[in-house]
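Shared chain: chain A. Partners: chain B in the first complex, chain C in the second.
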Partner chain A sequence: MQLLIEAIGFGIASGAVIALGAVGFSVQFGMSNVLNITYGALMTLGAYIGLFLIDRGISPWAALAIAGVVVGAASVAFNRGLLAPLVRRGTRAFAIVIVTVSAGVVLQYVIVVFAGPDAKSYGEQSGQTFHLLGMVLTASEVTIVVLAAALMLGLHLLLTRTTLGRAMRATASNRILAQSCGIATDRISDIAWMLSGMLCGAAGVALAITTVSFDFSLGAVFLIPMIAAAVLGGIGQPYGAMVGGLVVGVASELAAAFTNPAYREVVAFGILIVMLLVRPHGLFGAAWATRRLMA
Partner chain B sequence: MGIHRWRLASPLALATALVLVACGGSQGATPPTQTGALNLGVIAPFTGPAAEFGTLLTAPCLAATDLINASGGVLGHQVNCTSIDDTGDPADAVPNVTRAIATTSNFDFAIGLESNTAATTVPLVNNAKIPFFTTNGLVSFTKNNFPYYYRVTPGDDANGAAFAVWAVQQGYKNAAIVFQNNIGSEGNLPGLNAAMPKLGGKVGINLTIPADSASYSSEVARVIAAKPDVLIWSADPQTTATFLANYKSLNNGVLPPMVTATDSLTPDFFNAVTKVVGVDYVTKQIWLVGSYFDQTTPAFNTYKNALLADAKTKDIAPVLSTVGPPAGAYDGINIMALAMIMAKTTVGSYYNSYILQVVSPKSGATVVGNYADGKAALAAGKSIQYVGVLGKPAFDQYHNSAGEFDANKFNADGSATQVGTISGSQVLQLLG
Partner chain C sequence: MGAWEYYLVVLLVYLGTDLLAAWGLNLEFGVTGVANLGYIVTIAAGAYAYVICTLGSPASAGGFQEYVGGFGLPFPVALAAGIVAGSVVGVLIGVTGLKRLRQDYQAIAMLVVSLMAATVVTADTPFLNGNAGLVILPQFAPLSDQDPEVQRWVYVGIVAAVCVLGYLVLRRFTTGPIGRTLRAVRDDEYAAAAIGKDIVVLRLVVQAAGGALGGASGALLVAFIGGWSPGAWAYVETLALLTAVIVGGMGNDRGVSVGTFLIAILILQGVQFLNDVPALKAIEGLLNRPALTQDLGWIVLGTLTILFIWFRPQGILPERRPKYGGIRG
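Our next item is the complex of A and B:
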C-alpha cells in the first residue's frame, strides 16, 4: 500500500513535467494543425539554455523562465521562417511533419556541436524531501508540480477569461471565420507559438531538473510520452493534455512499482491504446469541441 | 592397368586441382598482395547513448597504429583506424557495417563489435573473412562457429560471477541487482544469480530498468524496501546519475556501496555521477570489476605511453589504460598485424590461420610484448610468442581467452587504481 501511494506521488511529479510539455504541444497543434516533431529538440534547447545559465550562477527557476522566453521566441521564428511558408505553398501535411522531424535532428546536432555529446547535469540536488499523505517528493519535484499547476491555471484563465484567449480559441476553431470577424489571426498565431514555445522551454528545464542527468537526446526521448499525453487528452485540447500528462506519468510509475520496470512505458502506452479504443477522440476531445463551439 | 587408370585419373585430378585453386584454398596458395594503406575497422557506437564506446575503442586503435606505423607499418603498408558507427542499435549496425565492408578498401582487420550489436555484426564481418578481436561479452559467443572471431576478455556471465565474488569478499551478503535493459548489462545476470547463493549471499531484489527515464523513484523505492547492503549495477552514465540522485533523495542522503563493471571506468561515467552524488561516494564506494592485467609490465608501459603520446588520447590515457576491453583490442591489433607478417600477406583469409601461432607457447620462441619487437624477431627468422597487455592469451577452440579479474576504484582525478584481484578459476567454478 505504501509503495502504491509513493508511486502515485512520483507519477504526479513526472506527470507534471509531461503535462507542461504536452499542453504546449497541444496549444500549438490546436492553433496550427501541424504535428511539430521539432518540439522535442526545442525542449532540449531549453534544457541546454538552462544549463548555460545555471553554470553562470543563475538560479534554476530563473533559468527556467529565461529558457522559456528564448525557446518561445525560437518557436515563433521557426513557424514564421519555415512552417508558415510551407503551409502557404500548400505543402502536404505529411511533408510538413517530415520537415519538422528533419529540423529537429538538425537542431539536436547543432546542440551537440556547441555542448558536446556527453551527459550534463545542473548539479547535486538538495537532499530536502517532503512527505504528504504518504507520498515522498523532493523539493524540486514539489516546486515543479506547483509551477506546472500555476502555469496550467494561468493558461486556463488566459483562454477563458481574456479577449486574447477567446481570439486564440476562435482562430483555432475556424481561422477564416475568425479573420472575417476582424481577428488578426497571424498575430494570434504568433502568440500561440510563443506560448507553446515558452511551455516547451520551461518543460525542458523542468525535465533536466527531474532527470538530474541529461544529454542531447533529452527532448527526443520525452517527445513520445508528451505526444501520448496530448493524444490521450484529445489532441489540440490543453485541458486534456494536462490530464493526459498525469495519466501517463502515474501509469508509468505504477508500472515501475508493480511490474518489471523495463516495461514501464509499455504499460503506460498499453493504457493509452485501450483508452483510445474506448474514446477515439481522447479523454476531452468531444466534450471540448462542443464547448469550444458554444463559447 | 595402372597406366590406364592414371590416364583416366589424370584429367580428373587436374580438373579437381583447378577447381580447388579457383575456389581459393587459403593455405599453400600464393599469398595475394594489396596496395595502399590498410584499414582497421573500429566497429562501435560513435553516436547515440553508447557513443562513449566509440571513444574507448578508437583510443587503443590509435595507440596500436601509431606504434605500427612508426615501425614501418605492416609489410610496408601504413594502417589507418576507420570508424564504423554501429550506433549500439542492430537496426543501424547492419546497414552501416555492410556498407563499410563493401566500400572500404583494404579492410583487413577489425576490433569492437560490442555486445549490443555483436549478434548481427559478428556474422557480417566473419562472412567477409575479416579477422576481428571483439570486446563483446555475450555468453552466446562462448561457443561459436566463427573462424575469424577472437575474444580476449571474459564473457558477461563470468563478469557477473566476478561481481558476486567481490561483493561477498567485501562482506556484503544482501545484494540489490539493478541492470539496464540492454543485452550487455543483462548478460551479467546468469553468472551473478548462479554465484551469489554459492558464496553464501542472497539477491534481495533484482530489477531491470530502462535507460534515460525522467525518474527512477519507484524503482528506488523498491530497492530501498529490500534493505540491500550493496548495489550490483550496470547502466550507462546518465541512467546511473539519475538513479543515484533519486536514491540519495529518497534515502535521506545515504547511498549503498556499488559494484559495477570496468566498462564504467570512463570519464563520462565519472563526470556524470560525481556531478550529482559527489566525488566522495564515487571514489570510496564504487568498485569496478573486470579483466585483470598487470600494470607494471613492459607491454603495459608501451601501451600506456602510446596512449599518452597521441594528442587525441592523452587526456583519457590514465583511465583508459586500466580498462580491460580496450587493452584487449590493442593486443588484438598487434596479434593480427604480426600474423600478417608471418603469413606474408595482409589478406584476412590467408593470415587468419597464423593468429593462434602468434600467441601459442613454443620452445625457443622469443617472447615479445609489442609489435616492433615482434616484427624485428620475425625479420631475424625467429619464432615468436606475443605476451601483451592482458598477459598470455590462452585461446580455447572457440577463440575465447578469459583470464583473471580485478577490482578498481576511481581516484579523485577520474583515473583508477587496482584494489584487488579475483581468481579466474574461482569464477569459472561458480559458473560450473
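Our next item is the complex of A and C:
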C-alpha cells in the first residue's frame, strides 16, 4: 500500500512535467497540424541552456524562465524558417514528419558537439522533503507541480478570457475563416509557437531538475510520453493533454514500482500505440468535439 | 590479406547489406507510401534470428550470455530464419498501418514500435542478453579448407548473390502490374480502393516483402561482424536508410542504389577518415572527444535529408512516370 501511494506521488511529479510538455505540443499541433518531432530535441536544448546558466550561478527557477524564452524564440524561428514554408509548398505529411525527425537529430548532435556526450547534472537537490498523504516529494518537485498547475491555469485564462486567446482558437479551428475575419493569422501562429516553445523549454529544465542526471537523449526519450499524453487527451486539445500527462505519469510510475523499472517508458509507448489504433481522436474526443478549444 | 584489401571486403559487405535494407525501405516508403520509421527492427529481427539459430544452447557455450533458442544450425538455415523473422516483424509493424491513420501518425506509431522493441530487448536480459548483446558466433566458413583470404571473398560473393536474388524479387514488386498498383495506393488511396484494390492486404504484403529484405540484410551483416546488441539498431539507424532513399530518389530502385552508395559508403565511411585530418584531430584532442566525427556524420545526414526535401524532393534519379498512350501518368 505504501509502495502504491509513493508511486502515485512520483507519478504526479513526473506527470506534471509531462503535462507541461504535452500541453505545449498540443498547442503547436492544434495551430499547425504538423506532428513536430523536433519538439523533443528543443526540450533537450532547454535542459542544456538551463545547465549553462546554473553552472554560472543563476538560480534554477530563473534558468527555467530564461530557457523557456530562448526555446520559445527557437521554436518560432524553426516554424518560420523551415516548417511553414514546406507546408505552404504542399509538401506531404510524411515528408514533413521526416523533416522534423531529421531536424531533431541534427539539433541533438549539435548539442553533443558543443556539450559532450556524457551525463550531466544540475547538482545536489535541497534535502528538504514534504510528506503529503503518505507521498514523499522533494521541495523542487512540489514547486514544479505548483508551477505546472499555475501555467496551465494561465493558459486556460489566456485561451478563454482574452481576445488573443479567442483569436488563437479561431485560427486553430479554421485558418482561412479567421483570416477573413481580420485576424493576423501569421502573427497568431507565431505567438502559439512561442508559447509552446516556452512550455517546451520550461519542461526541459523542470525535467532536468527532477532527474538525477541527463544526457543529450533527454528530450528524445521524453517525447513519446508527451505525445502519448497529448494523444490520450485528444491531440490539439490542451485540457486533454493536462489530464493525459497525469495519467501517463502515474501509470508509468506504477509500472516501474510493481514490475521492472526499465518498463517505465514501455507504458507510455503502449498507451500511445493503443490510442492510435483504437481512439486516435483521444479519450474525450466525442465529448469535446462540440466545444473543443484547439483542434 | 592487406589492411586495404580487408577494408575493401568490409565496404563491399556493408554496401550489399545496406542495399538490401534500402531497397526494402524504398519498397515500403518510396513505392507504397508507408513511412516506416521502425524499419530497423526488421533488420534487428533478422540478425537476432540468425544469431540464436547458429549459436549452440546457452549452457554449452559456457553460459556467459543468456538467450532463447540456441539451435546450432548451419548458415543457409539461419539465413532463411533471419529472412522469415524480418518478414514477420515487418507485418507486425505494418499492423499499425491497418487503421486508416494519417501518414504522419503511422510514422509515429512505427517509430514508437522501434523504441519499444529496443527498450524491451535491453531490459529483458534472459531474452537476448539485454544491453550487452550476443557475441562469439560460430565462425561461418563456407570453404574452410581454403585460406582465410579466399574465404572473405567467398563471403562477398554470397552477399552479392543474395543481393541479386533480392533485386529480382524487388523488381517483381516495383515494376509491372504490382508496382503500378502500389504506386496507385500511394498516390491516391481512396481511388485505388474504389477500383477494388485491397489496400490493407497490399500494404501487409509489402511489409512482408520489405521486412524479408531487411531480415536478409541483418542476417548477412551479423554473420560477418559476429555480434549484435541494441546499440546496433537505435532508431536513428532508420534515418540513415531513409536519407539514402530520399537522396537517391524515392520509388526509383536504381536511384536508391546510388543513394545507398553515397550515404552508407561515401559519407558514413568518409567521415571516419576525417579522423586523419590533423586539424580535426587537434580539435578532438583539445575537447577530449574521440567520437566527434560520428556526431558530425549524423548532422550531415539530417541536414542532407532536409536539404533534399526542400530543394529536390524527387532525389538524384527521380521516379520514372510511365506513359499511357502519350499522356504522362
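Miscellaneous remarks
Everything below uses one rule, namely that the second predicted complex is superposed on the first by the 277 of 295 C-alpha atoms of A that agree within 3 Å, B and C clash if a C-alpha of one lies under 4 Å from a C-alpha of the other, contacts with A are read in each partner's own complex, and residues count from 1 in each chain.
Throughout what follows, contacts are C-beta pairs under 8 Å (C-beta built on N, C-alpha and C of every residue); 3 or more make two chains touch, one makes a residue touch a chain.
None of these values were measured; they are calculated from a predicted model.
With the two structures aligned on chain A, chain B clashes with chain C.
Looking at the shared chain after the overlay, A:224 reaches chain C, while chain B stays out of its contact range.
Within the superposed three-chain model, A:14 lies in touch with chain B and out of touch with chain C [touch as defined at top]. Of the two partner chains placed by superposition, chain B and chain C are both touched by A:117. Of the two partner chains, both chain B and chain C are touched by A:260.
Of the two partner chains, chain C is the only one touched by A:280; chain B is not. With the shared chain A as the reference for superposition, chain C clashes with chain B in the stretch 133-141, and the other listed options (7-15, 61-69 or 133-141) are free of clashes.
Residues 117, 260, 262, 265 of chain A are contacted both by chain B in one complex and by chain C in the other.
Touching chain A in their complex are the following residues of chain B: 47-49, 51-52, 181, 207-210, 212-219, 221-222, 225, 237-242, 245-246, 248-250, 252-253, 268, 271-272, 275-278.
On chain A, the positions that touch chain B within their shared complex are 3, 6-7, 10, 13-14, 17-18, 117-119, 121, 123-125, 127, 129, 136, 138, 207, 210-215, 217, 221-222, 253-254, 256-257, 260-262, 264-265. Across the complex, chain A meets chain C through its residues 34-35, 37, 82, 86, 91-99, 101-106, 108-110, 112-113, 116-117, 224, 227, 260, 262-263, 265-266, 269-270, 272-273, 276-277, 280.
For chain C in complex with chain A, the touching residues are 29, 33, 35, 37, 96, 98-99, 101-109, 111-113, 115-116, 119-120, 122-124, 236, 239, 242-243, 246, 287, 289, 291-292, 295-296, 298-299, 301-303, 305-306, 309-310, 313.
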